[in-house]
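One chain, subunit A, links the two complexes that follow: it is found with subunit B in the first and with subunit C in the second.
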Partner chain A sequence: MKKLIAIVLISVSMVVSVGAQQGDWDPEPDVENVRFEPLHIYVDSGDSSLAAYQFELKDSAGLIEIVGVESGEHAAFSEAPYYDSAALANNRIIIAAFNTTDELPTGRTRVATVHLQIKGDAEPDYELELTIAANADGDEIAAEISFEKGEQK
Partner chain B sequence: MKKKIFITLALLTIAATIIAGYFAGCSSRDTSASKAQSVQVAESEHKKDELRYASEANVAFEERNKGISQERANILTRREWTNGSPWSTLFSDNETEASADIHGPKGKASIEAGPSHGPVLGTAPAPTITNCVVTDPKALHYPANWKEIHTKRKGRSKPVPVDLFTVSADEVWVIVKPKAQAVAVDEESPGSGAMLAKLPDEEEEIPLPLKHTDVKGQISGYIATVEVTQQFHNPYDEKIEAVYVFPLPQNAAINEFIMIIGERKIRGIIRERKEAERIYAQAKSQGHVASLLTQERPNIFTQKVANIEPGKEIDVNIKYFNTLAYVDGWYEFVFPMVVGPRYNPPGSTDGVGAVAHGKGGISGQKTEVQYLKPGERSGHDISLAVDIDAGVAIEELVSTNHAITNSTEAAEKRTVKLSSLDSIPNKDFVLRFKVAGKTLKSALVTHRDERGGFFTLMLYPPEDLKYLKRAPMEMIFVLDCSGSMSGKPIAKAKDAITRALKKLEPGDTFQIIRFSSNASQLGPDPVPATPANIRKGLEFVKSLHGSGGTKMIEGIKAALDFEHDPDRFRLVSFMTDGFIGNESQILAAVHERLGESRIFSFGVGSSTNRYLLDRMAKLGKGAVAYMGLDDSVAQVVDPFYDRISHPALADISIDWGGLEVTGVYPSRIPDLFEGRPVIITGKFAGTSDTTIYVSGKIAGEAQDFAIPVNLGEAEAHPGIACVWARKRIETLANRATYNASPDLPGEIKQVALEYSLMSAYTAFVAVDSATKTTGDSGVTVNVPVPVPDGVRYETTVQN
Partner chain C sequence: MTENHEHLDGNFDLKVSDKLSADLKGLFEREVAIPAEVDRAILDGAGQRLVRHRRRRLLPWAIPTAAAAVIVFAVVLNTKPEPAKLDEGPSPLAPQRKAASKDVYSYSLAAMVSRGDVDLNGRVDILDAFKLARHIESGNSMNWKWDINGDGVVDRQDVDSVAFSAVSLDKGVL
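Now for the complex of A and B:
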């Protein structure tokens, strides 16, 4: 399979660590030994319309640097999401977006792609937490978040 | 309802930049309605008195003029308004006509004299006055006994001591609002036609990679939100990296950067500059499309886009906020379009080099701008549209350098577009609009997020400043005679000095200094402003021309390194385009040598170095004025003299009432001059309504006024937090020009990263990690730009 796909389902308040390939990795890899990979983020809001979301992405191994955050597949999330610069200054990646129009996605949709620089050859140990998801009325809704690795979607 | 819920959601859960994004998306819907209510008006009893006097005076003036000729009315007016003034010294003997502003006991009048006025310098009799127009209508409206009333009430009719005539270093004061309206240029005239270039392995010449720049501005009150989209493409048969050096306003708080590939939008990330550069280099070497935005000067930036494949297009979108300058009811929106060629002193490497297209590297400078030859065009054009919502009725609107179209949907709103016939980006876009109403009001704008409350306050001076007269001056004119000034710019500057010399008053002294590769001056010391000396000065100015380098440091030394006359207020006027690359050296010299001087910088030309000129004025505790090549000299010089002919409200302190205020910039509130407000920004806590009290002194006497604050009705704007953070960065960076503290870069970096702002120590980088181009990273193609309108290529560009 050309693309390595890992899917993680996470409830609204639960953090799940995805144990991707745990190779031998250098805790302080050569800064020149880097690669760039996207992480496609999906939110499944079931039957509810998804109007807003916020998630936090972590790598317990400390290998990743965010180098871009891309818009989602649905028109409601076609603008590039925002990241929290204050949190990023403290090495936390927090990303969110919202849309108040009537045309909102339901079910599983790719809401963002996070572009990452990965240090060394090891696989990062991603942790993805959906902080909140909300419908068009501003009410919190149950949703699941997951990611896929691979090339452009 | 939805919107409120989402605001709550955002406030509770989403971080600052995310909130900013939400509000930005909603701004067109929710800001205009509250704006009109947001202006806090403080109207004093004194103001009411003035209105009553004005009414009485108008009746008296009209009665007096009934049944007499215009000539007689002029004579009477002249006698009344110029009694005791030394106006006979204001005209030279060879002029066929002349005009001058006179400050009489009742205010100001503009006197015009015809050919029959004869020799008047020295001991000659008074000239024949052909017209006398009262140019200060406020003064006109006072009744005959206004002085007595005013003196009795305020006790402020005495001359103002020298030491009150000061301006703080923290806030720049832009004096001039010329009203010249540009007309469309013919794009088919010389200078048109696309520039072609050839890559090493290509056989044919083809257009360059920057196709178009689109600018969309939204002005809400005195804050502009601007989105700049640069459209790059690759017309070659191999991959390229495009490099473009471009300007933005020096006070732009750049907080968003998005790379657009087809339908895909990738938001760039703010990083420490070195880290961003490293990431970009690594992405480029691995074949990923990537872009990098770095700051070379607060008003000069470099955009790099790597791995653009043949035939592909990549857009870069940059968003910033900035506050508009305001004087006498006029706001000014500026979008610079081209970086002017800088002069770099021999031995420097950290400057901004100006080289011919294809001659990259020959300047030896860290940053280089490549310029097109006269008659060439790159094919790059620009479109620009600005939506204005002033909150109050817009009375007038002018574009001084470009032809525009504008439409009106409501009295307080305008939509302005750059004419398609004027789309060559070779001069600053300067849009000015005059708003209705008196200026005795102070506008508070706020923004709250999880970091706390932020505010900007536009603080206006008391109106009665205009009735008080200035102290004697020691006027030093410093004229840039370098090669970049040759032609139209130096002619304008000489006209300005000529006009200014004629406005000197007995009791003043003056000096004229020229600099290019070296400096020389009219005489060893400033001389009294006698008619004979003014004539000598005029001859000296007439003899000057532009050539050679721009060793501004020599001009700074010559202007500031001599003993101060304690009886006079020393005012140093720099007339320059500011096209130098060693700004920090100049600014450090101003800081070190300023002493009792005040620097008033006059930017001359179509694309001046506004960063340098603004900073010189700020550090020099003075003001700045800009004179375009089509602006009237009188429209620049006369307002300048109007301003300095009155004292300031000095020693200002602010009691913030119930607001708990921190991080206020400028840290020392500048003196308030007539017609010149000051923008103060800071952080605040508290939610209850309160009253802000502003206290100061005029001629040594205390005065205060109140500004009621209703936080519930104050306008909200998402850019306020960025404006505050940008101001903090600017303050720290200014300190760094004369303070070598190792902590300053770290402090700047911390603020810039936290607020996602460009700075000298941070940069935006965006990488498309999802796709990888094949082959090496291709050829680097620099985007050449035209020299600014009016600047000579031959004397400014290395070839």
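Now for the complex of A and C:
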């Protein structure tokens, strides 16, 4: 009986060590602080009307966890944008939206707000890229994308 | 030797007295009565001993069985399912691929993504959804390839399917 218990215990410890090596059971790293921060995303389409956009946001430092996405300020983008729900609890997201009406924003407009949970005291290293910006005819236009950090909680 | 036998045979008297014969008979032929309690106690003791032996016999089987179960458990834990191949395009080998369900699944996904490429620029993005939405609103004739979800009609649900395909985390630029 003692031999059986010893074999089972050794086998279980081997399984645990293999699983830990493969990163399956990695415990959450210890963090001192967790804070929440909204990140406002702006697209500046200049004189052109903005009918569709698509951008990708990522934190290369791996400190953020996306907890929610809020729609834009203009009525054309007031509905929730498209995004992959798998992005929640992740550090990378692709967000897109379009509007087929004639009531479209021009200039700089907030298209979305991404709510983030930031682990630790360090600052995230955001990478933001606008992959699509198009006018009402569906033609791609030159536009700038930027972000502003909101009030931390 | 023969002489010795003859000598012995000649010296011993093999006749036994009747009394000694009766005593010997009484000693060896007598039936000893065993009380039932003693009988039961002996049987119980033997039974317990047999059970202990049976338990001991189980151990040599139990050890390798338990070890094998733990190994199988470890293998199952460490086995990850293979992701479906999304980049696989239409192929002339498609009929043969239908034989394997996994390949059929990856092929149908690839076909769906391909059908989401409304503007035929080689990628699926939000502009495909935008153009499909505009097309539906215009009331123009529909291409059956735009029935992304395969429900027999091209409508807003197909637009959503294209849009969600565009924002899928499986692709991206960063």
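Operating definition for what follows: the second predicted complex is superposed on the first by the 112 of 153 C-alpha atoms of A that agree within 3 Å, B and C clash if a C-alpha of one lies under 4 Å from a C-alpha of the other, contacts with A are read in each partner's own complex, and residues count from 1 in each chain.
Here is the rule we go by: a residue touches a chain if its C-beta (ideal position, glycine included) is under 8 Å from a C-beta of that chain, and two chains touch if they have at least 3 such contacts.
Because the structure is a prediction, the values reported are computed rather than measured.
J.: Answer with first, second, both or neither: which of subunit B and subunit C does A:Lys58 touch in the superposed model?
T.: Only subunit C is touched by A:Lys58; subunit B is not.
J.: Between subunit B (first) and subunit C (second), which, if any, makes contact with A:Thr100: first, second, both or neither?
T.: both
J.: Examine A:Glu129 and indicate which partner it touches, taking first as subunit B and second as subunit C; both and neither are also allowed.
T.: A:Glu129 contacts subunit C only, not subunit B.
J.: With both complexes overlaid on chain A, does A:Asn91 touch subunit B (first), subunit C (second), both or neither?
T.: After superposition on chain A, A:Asn91 lies in contact with neither partner.
J.: Taking the superposition on A as described, I'd like to know which of subunit B and subunit C A:Ile66 touches: first, second, both or neither.
T.: Only subunit B is touched by A:Ile66; subunit C is not.
J.: Quick check for you: in the superposed arrangement, does A:Gly138 touch first (subunit B), second (subunit C), both or neither?
T.: After superposing on A, A:Gly138 lies in contact with both subunit B and subunit C.
J.: Just subunit B (first), just subunit C (second), both, or neither: which does A:Val34 touch?
T.: first
J.: For A:His115, using the defined touch cut-off, is the partner it touches subunit B, subunit C, both, or neither? Pick first, second, both or neither.
T.: In the superposition, A:His115 contacts subunit B only.
J.: Report, in rising order, the residues of subunit A that make contact with subunit B in one complex and with subunit C in the other.
T.: In the superposed arrangement, which is not itself an observed complex, subunit A uses residues 51-52, 54, 82-84, 86-87, 94, 96-98, 100, 131-132, 134, 138 for both subunit B and subunit C.
J.: Using the touch definition from the top, list the residues of subunit A that touch subunit C in their complex.
T.: Within the complex, subunit A contacts subunit C at residues 1, 3-4, 7-8, 11-12, 14-15, 18-19, 22, 24, 51-54, 56-58, 82-84, 86-87, 90, 92-98, 100, 127, 129, 131-132, 134, 138, 140.
J.: Quick one: in the complex, what on subunit C touches subunit A?
T.: 59, 62-63, 66-67, 70-71, 73-74, 77-78, 119, 125-127, 129-131, 133-134, 137, 160, 163-164, 166-169, 171-174
J.: Under the touch definition given earlier, write down the residues of subunit A that touch subunit B in their complex.
T.: Against subunit B, the touching part of subunit A is residues 31-32, 34-38, 51-52, 54, 65-71, 78-89, 94, 96-98, 100, 113, 115-117, 131-132, 134, 136-139, 151-153.
J.: Spell out the part of subunit B that touches subunit A in their complex, as residue ranges.
T.: Its residues touching subunit A are 1-6, 8-10, 13-18, 20-22, 25-26, 258-259, 263-270, 278-279, 282-283, 286, 288, 290, 451, 750, 753-756, 765-771.
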